[in-house]
Structure formats: structure tokens, C-alpha cells
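In the two complexes below, subunit A is the common chain; its partner is subunit B in one and subunit C in the other.
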Partner chain A sequence: MSNVSQSFIARRQRWGFYFVLPSVLFFVIFFLYPILSGFYYSLTDFTLLRPPQWVGLQNYQDLLKDRLFIKSIGVTLQFVLGSTVPVWIISLLAAVVFFQKFRGREVLKLLFFTPVLPSLVVVAVVWRILLHPSGVLTTLLRPFTGLGEINWLNDPVLSPISMILINDWSIIPFYMLIWLAGLTGIPEELRDAARVDGANPLQSFLRIELPLLRPTAVFVATISTINAFQAFTLQYTISPGRGGPIDVNTTMGLLIWKYGFQYYRMGDAAAVSVILFAIIMLVTGFQLLFSRGEQYSLN
Partner chain B sequence: MTERTQVALSKFDASVAKAGVQPGLLLRKRLPGFLWFLVALLIAITFAFPIYFMVSSSFKAETEVLATPVHWYPYEFQGLLNYQRAFEVVPLARFFFNSAFMATVDVIVTVFFSALAGYGFAKFRFRGRRLLFAFIMSMIAVPFQILVVPLFIQVHSFGWVDSYAGLIIPGIMNAFGIFMMRQFAYGIPDELLDAARIDGAGEFLIFRRIVFPLLAPASASLAVIIFLFSWNNFLWPLIVTRSQDLATIPVGMTVFTQPHSDQPRWAVAMAVSTLATLPVALLFVFFQRYFVQGLVMSGLKG
Partner chain C sequence: MNVVRRSRSPLFFLALISMLLLSMGVSAQDAPVTVTLWMHVHPPRLPLDEELIAQFEAENPDINVEYTTVPDQEWDTTLSTALASGSGPDLFNQATFAIGQFYAQGVLAPVDPIAAGYESQEAIYEAYEAGESLLAGATFDGTLYGLPTELSGYACYTNDDLWRAAGLDPATDFPATWEEMQRVAEQLTVRDESGALTQRGFDFIWSNPIFMLLIFNPMVQQLGGNMIDEVNYTASINTPEVKQVMQYWYDWVNTWNLGGPQYTFTRDAFLAGQLAIDCDGGNWFAPQAEEAGINYSIHPQPRWENAVNDNAMANYAYFFMVNSAAAPEVQEAAWRLAGFLTSFPDRYLDTAGLFQAKADFVASEAFQQNEIMPVFLEEMGKSSYHPRIAGFFEVADALMRTRDRIIIGGEDMDTVLAEAEQEVNDILARAKAEAEAAAGS
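After this line comes the complex of A and B, so read on.
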């Protein structure tokens, strides 16, 4: 190839750079720079009114003595636990049901999927009504509990469970969809082979499908964990007094909002963000390690 | 057994025999399908019930929504009265405009620049390509909670707090979109692009006239999930806007989430909720394939 055409090709390749440049600039300005500056702000005293004052690790030391912060870690972990393990199991079981062949399947799947559509704020308003002390859920459970009133949202023990219930209801159909895509991706021949070898459906599921769903499982586990750690909207919208009662629903996400946007203590809010980031990285890193680095395949 | 039943049974046996199946086997084949149907029906009703309750309550009289014992359907059907009241209680039209404006800009900008960058990463070999791609991919995993405080400070320093610019611009691109478009752009045959080049077409013209149309299915999936994400986004619009004129639907709806002492307006709240969900529901019904594909690929929901 002559030098002329080579330089022509090189010039053409530069267009690729121009094509990606707007996106790269965007992510530098609105992602990379804020993330890095967030670490810096966590080491300062900053209220937006004056320039940030360097305080070193003071914010972190204060947080360790801050009972609300310590409590928020427990609240967050509790919410994460309730919004992951039950979600994985129920969504997988639902996917197995909707993977079967039966009449009316598509319509029922459509109905099952509806909780994914509304925003969490809509979900919050609707469940406020359903969870009224003498409302729908209390009525439905009366044959089992015998109770006329249940304080779903105001009881300190029950309230975090209600948050998990609402959240799980709203996300399970989404994860069902992911599992279903995983199940559909398993070649039919493998199931047939297992049947020919005399495996019953349960054996086939446990020995063939479950191991092959591993990449899907990693994806579901990681995404659901990262999302759960960021819990904010439900706690903000329907827990009494934004995070109550007695702060049992003050997640770390809600605390970031409180410190940052209610009290304008940007340094403290940034420090909570950094710690939350570290926890998320630790947990998801552990999950990925546990899965021995298997990647979710999109095909 | 009556004679007619016997006749019917023998006919049934005959038809089964013709199909080459024994009656017992037929039962064994049909029954699991029916059981699966029952199980599916049960979970579908369980999950869809709150949505049913939302829609049906939007047609109830105000006193009915929290009535004990529960009104399972509107006893005093209100027609569209609650929907009319919704527009009087809150500036709903304004909320809708803001949400629609934000979602539209988000969708158009995200799809266009994701396609452009995805194509750039897939089909060109410029210096720094791997590094830049790795950089953008690492942004997929950044939880928004980590970003929110410094991003707000950044937007504040631009003087964009409480403006459309502050509301929309920080969300107009999506790292996942670039990844997705790159995957699809790989599939475009090089011969097609080279043929256009030989015809003298410029690189941007090739992108606009050949590549972008070929990426249409991927664009549809991306557009649908970006719309869903943007329409339902809450945290960022909540903190970056102050005035009611800039509130999106989820932010504007927060007035319904905390209890009201003056007068109950739960039925109105249900009307607003139904209206707020309607665009997404329509999108889901009409573009189900793209919707599902986009959701499965992205994991954006949450």
C-alpha cells in the first residue's frame, strides 16, 4: 500500500475520535470531575456560601461519632438484605412459571409486569393508601391476623419491612424479565438430553438450568445490590417525617440528602457518599469475586 | 352415566385414538399446563392488584378511597371528575410539560450521541480508543448517590440551579447507551461504508444517511428505556429545582405523599398517579419488544 493511501486512511480514522469526543467531554465534565471533586469536598467544610475550608479527615471522624450516621448504616444494610435475597428467589421462581407453556401466558405476564411502569413516587402514593392502618392489606390479612388495624408505616418495627415490601413488589417483575431472558438463552437440546437421560423436571432445573443461569445470577445480584444500597425515594416520600419513625428508615441515601440539601453541610454529605461508595464497591467486588469473574453476556 | 354422556365419551375416545394419544396421557399433558396457568394467574393478580386499585380509585368518590370496609371498586362512579380536579389542585399541565420536555431532550440527545460515539468506537481505530472506551464504560457502574452532591455543587457553580439547563443537561447522556450502540454498530458491514466512501460521501454524511438508519432498532430500545428513566427520575429533579414552575411530575407529586390535615384528596392523587403512568404504559403496550429488550440489556430500572 502506498504512503498516500495510508495517510488517507489515518486521516479517516481521526473521524472516529471526533465522533466519540462529545461523549467523552460530557463524561469528563459531569461524571469524572464531580466524582473526583466529591473526594475533595469530603475533606472540607463547605456550605456553598463560602469557599470550601480544608479540614482533613475531620468530617469522617465526626461521622464515626454521629449516631444518626451509624444507625443509617444498619438501616441501609437491613434494606439491602430485604431487597436482594427475597427478590432473587421470588423473581427466579416467577420466571420459571412464565417460562412454561400454557394458554394465556402472555396476558398474565403483561399483568405481572405492570408494577415496573409507575415511578417510585407513584408507587409511594398508591401504597400509602393500600397500607392505611385499616386499609386494603390489613383487610386482606385479617383472616390470618385477626387485627382491625395495623400501623404499617408508623410502627418502628413494621415500617422498614413495609418499605422492603413495597420496593420488592416494584422490582421483582423487572428481575423476572432478566431471569426469563437467561432461561430463554439455554439451548432446548440440553433440556431434551436431560429428559432422555431420565431426569425429572426438578432435577433438570437444578442440574442443568441453574448452573447455566450463573452469569444471569451474577448480573441480577450485582444490579439489585447496587440499586438497593442507593435507597432513597420510598424513604423520602412515605416514611413518616422523611426517614422516621425514630429514624428507622433513614438510609444512607436519605442521610446524604438531609446533610447536603436540608442542612447544606456539603462536606458531611460528600463524606457519607464516599463511605457509601466504598461499601458498594466492597460488596459488589466481593460478589464478583465470589462468581469468579464471570461476565454477564448480552447475547 | 346417561346415554348421551356415553356417546360423547366414545366420541372423545375415538378422537383421541385418531390423534394417536391415550386419554391418560392427554390428561397428563393438559393438566400441568392448567396448573401453571393457575399459579401464573395468582401471581399476576397479586402483582397487578395495586395498579388496579390505583386506576379504580381514581374513579371513586373522595370518601371511598380509604373507606372501611374497603371499596374494591367505585361504588359512586365519578367519571373524570377527579381528573378535572387534579388540574385544579396542582399545576399538572405544567408538570407534564416539564417532564415531557426533559424526557424528549434526554431521548433525542442520548440516542444521537450514543449512536455517534458507539459507531466511532466500533468502526474506527484512532489513538486512545481503548482508553477512552474503558473510561466511558467505567462510568456505567457509578451509583448516582455518589455523584449527587458534587454534581449539585458543579451545577451550582455554573449558576444552573433551578433552571431547565440544570434539570436537563447533566442527564443528557448515558454510558450504557454508548455500549449498546457499539455492540450494534459492529454488525454493520464495512463494505457498505467503503462503497459510500468510494462514492465520495463524507464521514458525517455516512453516519447520518447509512449508519444511523441501520441502528434504528437499537435506537428504539434505547429511546424507550431512556424515556422511562427520564420520566420517572426523581432525585436529581428534586434537588436541582426549587420553583414549582420547573417541577417534573414525580417532584410535583410529592405534595400527595405526606398526609394532609385540611382535606382528603386521595382520589385526586390516584388520578394524578394514573395520568403520570399512562405515557409509560402506552409505550409499553405499543413497543413491548423494544421496551423489554432495552430493560433486559440495561438493568437501568431502580
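After this line comes the complex of A and C, so read on.
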């Protein structure tokens, strides 16, 4: 290669580097540095009010014996389970419904999407009113339950279920939209061909559309799982005593806040966040690995 | 073009540098000291703060004040993060709940009496009504670490219209004991045909863990117990006194069906006319009750029939505190500002409903003629502060968990209280060890 073309490439590379530099700097300052400093703090005794003291892996050892932390893992996994599998199924079904052509579809779709628009804090406040022991939901269910009062938020069994219901209600429309985009991306010719070959709508969905939705499914599964693991806002806003009753709503995200800013145990909070980070990476990696199986292609 | 360079003599540069250094020194000496002041948001107080700070700056041209307000729900996070990053305020208005933590970690500077306008620390105690008792919230090992911006203790508010509707007169029928409270509350409670409560007679405040130390523990103290020993950092939870109070709270929810954690926050319910007695309001609650159109009266807290102590609920307060990391001249200016801002107790009470118990103000005719303040002052005088410990919120959470395991979860009380005692003792032991480590470093 001539010197002229080599210097041209070098110049292009230099300019390319300049163009990506802002993004790299942004990533380093706002992502990499906090992650690394979080890991460093997890190895210290840090009360926020005094400089951190190096303790090595002591915080991690302590967490293994910490009942609140161990309980928070169970609470988080339970919330993740309730906020993923039902969400995938219901949002997919909703997408299939809204993919059909019928009168008033766009208006209904808009109405269905509205829970996504307000912030989760607003959603929580509205639901707190709805879930009053003798509130609207109890009244609606009274013909079936015969109960004048239901402790939706203060019953240790009902409360986590209520959290999942509120969360799912607010996020299903978003994932419905993702599924809908995936369905729209499937060429109509394939459905026509299946129909010509005698496939009924269910067979067409199961054999043609569902396999082709695999990339969408991976995206929905990954994003919804990550979001569910990071659960905080709803539990902080609506659960009694922030995580109660009896810590049945103390997710790992909420525990990080409690340890860091309520208990002045920032070292422990950082250790929990590192463990949560590792769990999310592990689950996400597993999901991505699973999705690398047989690929369906339109070609 | 020719440029002629002239060489300067070393003497010239020496003179120049000297003048620069001199001017810097002079300007540093003359530059006003800036005090950053953080207050929690209490809307009625803000205009008065701003007016008085402007007056203070006019009277003290050597001091600038940077005034910032922080919403209550963001206060702990914002302040602790700022202190951790070294950008904390010089002067801040902090509740006593975290004061044990702040003291243990060396965040607080002792009050500078001279700067604050007093002859000595003793003079500060003397300047306040029952100073030893009411300033105890910011006193550690005989040293004062704050000047109070608002002192609080709870009394009972009655919705007199609901009482009369039930055929009762709050002036004569208000319960003097917790045992009577149950009977009166039952008379004031209204249920629908399904048994659901549509109006509560009285209910405890269940929502926030701190009330386990502000309300539950004082009820234990009335019986002679005390869950938290703030001096020795030990817990006594598996005791007959705690069991008596816990059983009462349990019966309130599960046996007598008079209330519980599932219902609307008591203060909101009272303001909405759905609660006949609310015993978790300070004097600052009166303007809210008036604004809500509630026809109310104030009463002392009930005691147990077998009480051995005559205390009401725990006192708590907001104090001006100074950041020990601030420069000495800034600390001095901060205490000067704190002393100034606590010199207008009448205006803070009238404008914002905040009580600063200056002795001369309490002795004034205006205070004595106040319809509600003497009741609050008398109750506060009989009570003590909540435990001022490092790990306050962690202990409060553990106690709330204990309460809920028994009352909501239906677990065996003896077992749960024994476990709670162990758990809280572990929390306190760790907090004490951290405090000792901080003191040694």
C-alpha cells in the first residue's frame, strides 16, 4: 500500500476517533466510572458521612448472613417472574388482537396504550386510591367475594400480587407495541401462502408468525427482565413503610436505597448493587445465549 | 517595524509580586463570608426566612447567605450525598431522627455561643423554657450541637362535630387512659352494613417506621419500660411492657376492629372528617385543621391505667446544625445566622406554626393566651426525646417489621419479640462500633 493511501486511512481513522470521542467520554464518565466506583465502594465500609475504609470482601460475606438481603432476592425473583412471563403472553395476545383489522381499532389501541404515558409515581398514586380496602376494586369484586374490605396493600400475600398487577398493567401496552412492530414486519405473502396451503389462523400464527417473531421476543424478554430486576419506584411509592408489610415488597433495588440512604451503609448498598448487576448480566446473557438457537430468516 | 524591548529589573518584578500578594490578602480579608443554608420545605415559613435573611445580610455586610430549600422526601438523600461529596451546606435545618448518626460520624460542629449571641452554652439553656429538657435533642455528652427551629410533641386533636354527632362531648368525655380510649373510639366508630369502617373513632399512625419510636415506645415508657437505651446502645424488646402495648395494638386491629395499617393515613383521614381523634399532630397541625374546616379541640395524650410514668409521646425537633467540615470563619458566621434566625419565635409561631421555646416568649402574654400552645408545652415538658442513636432508621424499620409480623402476620408474639430484641441489639452493636471507629479515626 502506498504511503499516500496509508496516510489517508490514518487520517480517516483519526477523524473517526474524534467523532466517537464524545460518546466514549460520555460512556466513561457516566457509565464506566460509576460502575467501577460502585464496585470499589462495595469493598469499603462507607457511611456517606466519613471517607470510605477498605474492608475487602467483608461486605459480601456479611450479606450472605443478612436475612433482609436474602429475603430481598426472593422478593425480587418473585416480582421478576410476575412481571415478565404474564407480560410477554398478555402483551403478545394484545398485539395479535390489535393486528387484526376491525372498526375502532386505532381508538382502542390509543386507549390501551394510555397507562404507559404517566410516570410510575402517578400510576402508583392512582392505584393506591383504587386499592383502598373498601375502594373501587373491592366494591367491584364484592358480588363475588362478599367482602366489604380487602387489604390489597397490607396483606403479606396480596401485597406483592398487587404490585405485580399494577406493574403489569402499566407496562403491557408498551410491550404490545413492540410485538405489534414485529408482527407488522412479517411479510403478508407468508400468511397468504400459509392460507393457500390450508393453514388455519392458529396454525399460521404458531408456525409462521411466532418463529419469525423470535428477535422481537428476545428483545421483549431481555428488556422486561432487566426492568423487573431493577424494580424500585412502585415499591418505594406505594408499599406500606417502603417495602412492607414485613418486607414482602423489599426488592433488591429498594434495599440498595435503604442501605445507602436510610441506614448509612453505602458499602453494603454497593455490594448489593454489584450482586444485582451480576444477576442481571447472568440472566441476560443466558437469554441471549438461548436466543442464538435456530434462526428463521425470510431469505 | 522595530520593536524595542526594555529589560525590567528584578526589583520591578519583586515589587509587582508583592503588590499582587498584598492585594490578594486584603481582598481575602475583606471578602464577605458565604454561608450556604439548607432548610426543609415548609411553605408557610419560606417568606419569613427570606425576609429575615435579607435583614441579616443588611445588618452583617461581611456575610452572604445562599439559601436553599429541599423537599422533605428528598432531604436525607440530598443531604447525605452532598456531605459525602464534600459539597454539603454549612448550616442546615436537620430533624433529630438522624442526629445520632451525624453526631457519631463527627459531622456536627458544637454551637458557638458567642457567635450565636449568648454569653455561654449555659446561657443558651437558660434562654429556653425548660432548656435542659427541650434542647436535649441536640445535646451530646454535655455539649450543645444545635439551635432549635421547631420543637414538636404530639397532642390529641378531636373533631368536635363527629363527637357531638355521637352524643359525646370532647371536653368532658375525652379518654384519660388507653383503656378508656378503646371504649370511646368504639362509640365514635361508624361501620357500613358489611362491617367496613367508614369512620374511625381513633387510630394509631401506622405508615412510617419512625412512629414505632415516636409513639409505640413512649407508650412502653409510660409502663416503665424502654425499648432502646441510647446511652449503652442496647435494646429491651422482649419485655412485659412491650407485650402489653403490642397486645393493645394487636387487639385494636384484630379483636376490636377499630383501625389498622390498611386505612387512610390518620392525619389525612382527620382532615377529611373521617377520623374523630388524631393523636399524632403537633401544634403545626392546627392551621391544617382550620384550613380543612374542622371544628377541633386539643387534649393531652392518654396514659395507661397502670402507668408508672406520666410521659406523652416522644419529643422531636428540627435544629440548626453546622457542618464541622466548614472553615472556622464560615462556622462562626453560620452560628451568627442561626442565632439571628432563632430570635423571632413569635413570628415563626404566628406565620408558620413553628414553636421555638424561648423563655421570654413563653412567658409573654401572647403565648399564654394562645389556645393550644400551653397544652403542647405541658406535654413536651413531661416527655423526652426519641432515642438519638446511630442506626435510627434501621432500628425503626426492624421494630415496624416486628409489629407487622405480630399484628398482620399473626406470628407468635414471644418468638417474634425475642428475635426482634436480638436483631435490634445487632444493629445497635454495629452502629456503636462504627461510631467508635469514627471517633478513633
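Methods note: the second predicted complex is superposed on the first by the 276 of 299 C-alpha atoms of A that agree within 3 Å, B and C clash if a C-alpha of one lies under 4 Å from a C-alpha of the other, contacts with A are read in each partner's own complex, and residues count from 1 in each chain.
Heads up, the rule we're going with is that contacts are C-beta pairs under 8 Å (C-beta built on N, C-alpha and C of every residue); 3 or more make two chains touch, one makes a residue touch a chain.
All figures in this text were calculated on a predicted structure; none of them were measured in a lab.
Looking at the shared chain after the overlay, A:Asp45 reaches subunit C, while subunit B stays out of its contact range.
With both structures placed on the common chain, the touch criterion links A:Phe261 to subunit B and to subunit C.
In the superposed model, A:Ser134 lies in contact with both subunit B and subunit C. Once the two complexes are overlaid on the shared chain, A:Lys65 sits clear of subunit B and of subunit C alike.
By the touch criterion stated above, A:Lys109 is placed in contact with subunit B alone, subunit C being left untouched. When both complexes are overlaid on chain A, the residue A:Ile238 reaches subunit B alone and has no touch with subunit C.
Counted by residues of subunit A touched, the larger count belongs to B, out of subunit B and subunit C.
Once the two complexes are overlaid on the shared chain, A:Ile178 sits against subunit B while remaining clear of subunit C.
Shared contact residues on subunit A (touching subunit B in one structure, subunit C in the other): 48, 132, 134, 261, 266. For subunit C in complex with subunit A, the touching residues are 76-77, 80-81, 83-84, 101-102, 105-107, 192-198, 206-209, 260-264, 390-391, 393-394, 397, 400-401, 404-405, 408-409, 434, 437-438, 441. Of all the residues in subunit A, the ones that touch subunit B in their complex are 12-20, 22-24, 26-27, 29-35, 37-38, 41, 46, 48, 94, 97-98, 100-105, 108-109, 111-130, 132, 134-136, 139, 169, 171-174, 177-178, 181, 219, 223-224, 226-227, 229-230, 232-233, 236-238, 252-253, 256-257, 260-261, 266, 269-270, 273-274, 276-277, 280, 298. Contact residues of subunit A toward subunit C in the complex are 45, 47-50, 53, 132-134, 142, 147-149, 151, 153-156, 240-241, 244-247, 258, 261-266. Residue ranges on subunit B touching subunit A, taken from their complex, read 32-34, 36-37, 39-41, 43-45, 47-48, 50-51, 53-54, 57, 65-66, 68-70, 113-114, 116-117, 119-121, 123-129, 132-133, 135-136, 139, 141-154, 156, 169-170, 172-173, 175, 178, 183, 197, 203-204, 207, 231-235, 238-239, 249-251, 253-254, 256-258, 266, 269-270, 272-273, 276-277, 280-281, 284, 292, 295-297, 299, 301-302.
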